[in-house]
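Each structure below appears as structure tokens.
Shared between the two complexes below is chain A, which pairs with chain B and chain C, respectively.
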Partner chain A sequence: MSLVADRPPKRKQRSWTAAVRERAVAAWPPEKLLADKQPSYVSSWIYVFGVLSLAALAVCILSGLVLTLKGPSWWHDTGVGLFFNSLHLWSVELFFFFMVIHLWGKFWMAAWRGNRVRTWITGALAFVVSIPTALTGYVSQQNFDSQWISTQAKDAMNSAGVGAFFNLTNFGQMYSYHVLLLPGAVILLVIGHILLVRKHGVVPPFELEQKSPQTSLATQPTEPEPGVQA
Partner chain B sequence: MIFRRRRPADADPYREWKGGYRSYDLVKEFSIALGVVTLITLLLTILFSSPDEKPSTIKQWSRSDPIDFVTTAVSELDGTSGTATYGPPYNHNGSGQHEWFIYLQKWLGVSHPINTARDYVLAPLSSITGEPQLKSALSSYEHASAKQQGAWTTAYSNALGKAKLGPGDSVSVTPGAYGPVRTMMGSLLTLAQAGGLDGALLTSRQFYQTDYTEPLLFMADGSVLANRAQTEHLLGNQWGMMNETGSYPGQSWLWLYTFWYQIKPFSTSANADILVMTVMGVFSLAFILVPLIPVINKIPRWIPIYKLIWRDHYRALARGN
Partner chain C sequence: MAAIFNLNHHAGYVHWHFFAMSWPNIIVIIAMLIVFVLAIAIRFPRGHEPAEER
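For the complex of A and B:
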């Protein structure tokens, strides 16, 4: 008789690291994270505005990084500085333009269907947080626009009590918010949004009214390829 | 107790696509998008650059419009200016805006204290040395009763309504019972015109300065900023801060915030800011939670714009018939 054989088997030690890795790989297998196939219904110009928003954000961050490296006064004094400030301004304008069209497109697709509510919420939050991110940029310009916008917008902030800890007329505070805290929040939200898009895929089209069985989602023109989703 | 049974994932037809796929290159798509957006941004930059109107300074203001400067300074001294009567977060001289019984502005308290008489007039004047007449005037003012101070500032304020420009951009008023106020304002104007007040109003006592609250609020109490803003179509009734100097698009995404200020009751309310913030807070929350709001989340199904978006897909389905 063996004593060892009678003992209950030891529970397998599972580290937090392993648990995180396993969950991450399960949620985002490489073929989902960097998909090389997408559903056949993704065939409209409206889909372009998501990636255009992302590209505009990239240009905005890169031009902002150059401005940050040189300091807040540089762009007033040099032609190169003004050039990078202009790149930054126009990339912000394009970012909002593309994002608004992307959001409207996703609204008319009801893109929250099929367990995609969090995808909508992270996208909408990215838009909402982008607004104070841009505002803090406008009040950090150190020119007349900054003076006017900060002295006007302060009343709205103060009326809601926000002015007690978010002072638009304090350049130092606004600059910190603009180059670090708020863009950091936007970037995190956008990363979360993209991961959710990769995980759940692009929302399928509405089923049409059931006039005939062929119009159901179950009947598709091409053969499915299991395991791969955009 | 009633338990709601969770809907199984496979009962939701939109959860997982079971149809066909086609080839797609994610990295290539992003690279092309980045290239296109970079090109458009470069083109806009080359064509339109970006606006950079020089900021106003107190020195410039006191030289270009000395009467407005002195009128503003007197209102700071007698506590009647916009900042002096603002309330939180600058002082306790007002309760601020509120909605129903909610006084957020008051409850969050005074976080950036400003005593306009001390900070904008008395302290800068005290820093001037070698002017015995000014020292005597300051002493007279500070030792006078509040009633006497009020009588002097009111008389001087009224006289400023008919003031004329004197020699060297000074302000000339008819003789009156202004006590020491006239001397004080003369010295403050001289200090401002020399550029001294711009530095004196920076709030930090350290060498490095980053907080422009005091000089900005002082200038905002006068008309120097508003006059420039009117020329640039930036006033509140001109769709305000969503615009930018010059013919630039500005913060067009703020149109809905700015819109409320153009219509009643917001445009005439003393609590306009908190009303607009409340409306926009509710709208923002609704926008974020659209998927969870009944009726709103059904609109895309009722208005079939989706048929346009997915027309290729539906055509393919029809061909399958």
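For the complex of A and C:
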């Protein structure tokens, strides 16, 4: 009778950093994370609106950083400040404009197909969280517009039963939400969304699925099939 | 925008039964619908790259 033989094999000691690295590289190998080729069906204008949303978000964040550094008197009273104020406003307008078209396009493509549910959910959440991010920006302008919007929105929030958690007429609270908490959430959601798009690939149009009899909504491969013209 | 249109007044509203929306919002939504349809309908420029992959 051997005690050594009964003993379970000794576990290999691994650090958590190595485990995270191995999992990350397995999920996002470099050629997938920073792909230089896309399937031919991506050559359509409707696929452009995701990256247009990202570009608008980048301008929005950069212009917002400048506004945060300089403060309300600068963005209201100087020419350059007014320019950055307008840049911030119009980048938000374009962000929502492009994001809504992106959402419509993906909805009619049923972009949650092929194990892409989490991609869809993170995109939808990014859209939902962007709305209070914009609202807190409108009430942080420090002008008559923001006073009007905050008092109107306060009544709306109270009527919806969520007014006990925050006060839209409290500039300090709304400004903190706008420059830190909510944009942080939007950025994290967008990063997660992009990583999931990189992992699962861009959703193929329905025509490609119908050409392949083996693939169905339930069994479609995670990776889109390249080389077929949409 | 303000150089082209006079924006120094309150926005007009469309009221129809329960529906109430400002004209600027209606115009933006119509513009989004138009861009959405055009994005599907207009052919994407392909350049000189192979048809299989871009």
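We adopt the following convention: the second predicted complex is superposed on the first by the 195 of 230 C-alpha atoms of A that agree within 3 Å, B and C clash if a C-alpha of one lies under 4 Å from a C-alpha of the other, contacts with A are read in each partner's own complex, and residues count from 1 in each chain.
By our rule, contacts are C-beta pairs under 8 Å (C-beta built on N, C-alpha and C of every residue); 3 or more make two chains touch, one makes a residue touch a chain.
Since we're looking at a predicted model, the values are computed, not measured.
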Contacts of A:158 with chain B and chain C, given as first, second, both or neither: first
Partner chain(s) touched by A:114 [first = chain B, second = chain C, both, neither]: first
First (chain B), second (chain C), both or neither touched by A:46: both
Which of chain B and chain C A:140 touches, first, second, both or neither: neither
First, second, both or neither for A:85, with chain B first and chain C second: first
Winner by number of chain A residues touched, once chain B and chain C are compared: B
Which superposed partner A:105 touches (first chain B, second chain C, both, neither): both
First, second, both or neither for A:58, with chain B first and chain C second: first
Which of chain B and chain C A:37 touches, first, second, both or neither: both
Shared contact residues on chain A - chain B and chain C: 37-40, 42-44, 46, 48, 100, 105, 229
For the chain A and chain B complex, residues of the former touching the latter: 34-44, 46, 48, 51-52, 54-56, 58-59, 63, 75-76, 82-83, 85-91, 93-94, 96, 100, 105, 107-110, 112-117, 120-121, 124-125, 127-128, 130-131, 134-135, 138, 141-153, 155-156, 158-161, 163-165, 167, 169-173, 175, 200-201, 203-208, 212, 214-215, 217-225, 228-230
Interfacial residue positions of chain C with respect to chain A in the complex: 28, 31-32, 35-36, 38-40, 42, 44, 46, 51-54
Complex contact set, residues of chain B against chain A: 9, 12-27, 29-30, 33-34, 36-38, 40-42, 44-45, 48-56, 86, 88-89, 96-97, 104-105, 107-109, 111-112, 210-213, 216-217, 219-220, 225, 228-229, 232, 234, 236, 240-241, 244-245, 248-249, 251-254, 257, 271, 273-274, 276-277, 281, 284, 287-292, 297, 300-301, 303, 305-306, 309-314, 316-317, 319-321
Residues of chain A touching chain C in the complex: 37-40, 42-46, 48-49, 97, 100-101, 104-105, 226-227, 229
